[in-house]
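The structure follows.
Note that the chains are named A, B and C in the order they appear, and that numbering of residues resets to 1 at the start of each chain.
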Amino acid sequence: MDAIRQQFFDFDIMRQAWPMLLEGLVMTGLICLVVIPIGLLAGIGAALLSLSERRIVRWPSIAFVDLFRALPPIVLLIFVYAGLPFAGIRPSPFEAVAIAFLLNNAAYYGEIYRAGILSIGRGQSEAARSTGLGAGQTMLYVVLPQAVRNVLPDLVSNTVEVVKLTSIASVVSLAELLYQADMARSVTYNASPIVAAAGIYLVILWPLVRLVSRLERRIAA
Amino acid sequence: MDEAATTMTPGERFIETYFNAAVMERYLPAILDGFVVTLQLAVLVVVSGILLGLALACLRAYRVRPLNVLIVCFADILRALPPLVLILIAYFGLPNVGVSLSAFAVIWIVLTLALAAFAEEIFWAGILSVAPGQWQAARSTGLSFTQTLLSVILPQAVRLTVPPLTNRAIAVTKSTALGMVIGLSDVLGAATTAQSFSGSATPLMMAAIAYVILFLPFVVVARWLESRFKWRHA
Amino acid sequence: MTRPSTSSIAADRLVSDARAERGSILELIALHKSYGPLDVLKGIDLKVKPGEMVFLIGPSGSGKSTLLRCCNRLEEPTSGAVIVEGEDITAPSVDLNKARRRIGMVFQSFNLYPHKTALGNVTLALVKVSRLSRAAAREKAMAALADVGLADKAAAYPAELSGGQQQRVAIARALALEPKVMLFDEPTSALDPELVGDVLDVMRKVRAAGMTMLVVSHEMRFAAEAADRVVFMDGGVIVEEGPPSAVFGAPREARTQAFLSRVKH
């Protein structure tokens, strides 16, 4: 019992590691600030393309989405970071994370938006078009607001996944929360810094997980 | 880097870099071994994760207060924590308290728990979605609570859970690639090793292709399940 | 020209009368529509005069809704022309969104935007298509809502309104754009019987203000009382047309007689 406390819950070590963890948390926040808005926007693009009436647009878009849903994000990240330099493109760790997350998020958010758009009856766009709104206006003012509301739980849930996923940035040595915690672990030979990092993730994400549950129940009701 | 590289067309250079036949031939056996490891893990995680999740959801149906609080906390925590965090804690922390697990076992256990958390929530939502009249009708015919749950409620609940469960199982199973971080020789582990030995990007491309071969069919099936599901409820 | 200030609908009437004079305001010429091998419309010719209220009746599957939806190209006609105020709106050069502003449409299922209030439903196209300022759009929308008797529900969301009220908001949404023609696609079919009357009252009022109306409906009594002309369709063609007294009172065609005797019982 004591061994467990010492190995996982050594508060002295946690305190020592705290400044490092904070730095990591800032980087994690920075990654989120970049990849989540971009992902939310790129997802709309992916959804619209994969719903295009033109087959030549629709099929490649669906193939793109499925491809990046089939690839593990960490594979994508390592490919971008370690594979692209062979083609003369040398992204920094942060750029590599941004690129990999853009591709992964466009696919995942895209599928969510797509389901949302499909959930809106044809009557809505027909009514809008009959008043003279163009296709783009109809999408922007009539279909998308309703679609987003219908899939809000999925959007939030995926955003939780994205925040969790930022932890893989540690494998390309980007000094985010988990990377810093693992550095502290390797210096102290003690897992407590990672447990502390887990605590930070919990504090941030548990409320969001609860929110998802509540949103899901409200939609179902 | 050989002399010929300078005279190659961009297309040839691309092939040479990412689809180098010699490199492919040399590392194909290693990647295939990794593929077997990934496949084993994937099957194990899906089976144990879904079974554990189903068991927890069924337990929750008995509505024993303290037990339910534990189940909800388990599901919330496992859904809020990045799997990589748990993997590092288990792999680097546990040996110091006398529990030494292989990388394979760590990935299996952590991902099983992660999938079980999501599966529990999905099954629970499915159980709740069955109309209360079904419970009442079954109980009125003399079926016990457990009989009602297993033979009346679950069969109806499970149908609704198939599309979200498929998506979640794919997402969690893809995380087996995280094993690379703790030295697991799965597809990604084998590929990164091969990449550093060969100095070529080809093994990474092979890994990407291997994952696409493994997961794309499930992604396509999930898409099909979802559209069928929507159509049925339209 | 002096505009009467009483109602925006009345003002429209003067404009449309002046423009179209005695010709037709809406004209369909040899309209065909097919879905693959299935011919839904087999050559429809129809002229609607300004201020006229024309009822399309017929069994389900006779193509009346398709005909209506071809008038603003929600359905793309396979061939033939749709002339609105002398302009062929099936021509490739036509700005369809502009043309649609002159053709209001009311749907069976209302199709109000659930995320917008009654007022928001009406102002959206005024702001985004007619490019009115928010204040002007609001003023016009309030006038339209007053025309359908729902000024007090401007802030309500569709979910808070009865079906009849929703349909009246939908009529206001179309009216506010000052269309020259209004299309009604079974406007009362989705309503509980006790709510039908309110919607019909509003349609009477719109007609009294001089609006040109093309209506698909099963309300035969309303058609008999209010329509200038009744058009009976079956199998994708116009079988018989004339004033309601003639079509309802003494139908010439056997198919019309069969249909009318069925709906009367």
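Methods note: a contact is a pair of C-beta atoms (placed from the backbone, for glycine too) under 8 Å apart; a residue touches a chain by one contact, two chains touch by 3 or more.
Predicted model, so just to flag it, every value in this text is computed and none were measured.
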(message) Return the chains shared as contacts by subunit A and subunit B, ordered by label.
(response) none
(request) Write down the pair of chains with the top C-beta contact pair count. (result) A-B
(message) Can you tell me which chain is nearest the middle of the complex, judged by mean CA position?
(response) A
(request) Would you mind checking which chain's C-alpha centre is most distant from the centre of subunit A? (result) C
(request) Return the distance between the CA-based centres of subunit A and subunit B, expressed in whole Å. (result) 17
(message) Taking the mean of the CA coordinates per chain, how far is subunit B from subunit C in Å?
(response) 54
(message) On a C-alpha centroid basis, what's the spacing between subunit A and subunit C, in Å?
(response) 47
(message) Can you pull out the residues of subunit B that are in contact with at least two other chains?
(response) none
(message) Quick check on the complex: what are the subunit B residues that touch subunit A?
(response) 14, 17-18, 76-77, 79-86, 88-89, 92-93, 96-98, 121, 125, 129, 170-171, 174-178, 180-181, 188, 192, 195, 200-201, 204-205, 207-208, 211-212, 214-216, 218-220, 223, 226, 230
(request) Note which residues of subunit A are touching subunit C in the complex, please. (result) 121, 123-124, 126-134, 137, 141-142, 145-146, 149
(message) Considering only the defined contacts, which subunit C positions touch subunit A in the complex?
(response) 72, 74, 97-101, 103-105, 107, 109, 111-115, 124-125, 128-130, 170, 173-174, 177
(message) Under the stated contact criterion, what part of subunit A meets subunit B in this complex?
(response) 3-4, 7-8, 66-67, 69-76, 78-79, 82-83, 86-87, 115, 118-119, 160-161, 164-168, 170-171, 178, 181-182, 185, 189-191, 194-195, 197-198, 201-202, 205-206, 208-210, 213, 216, 220
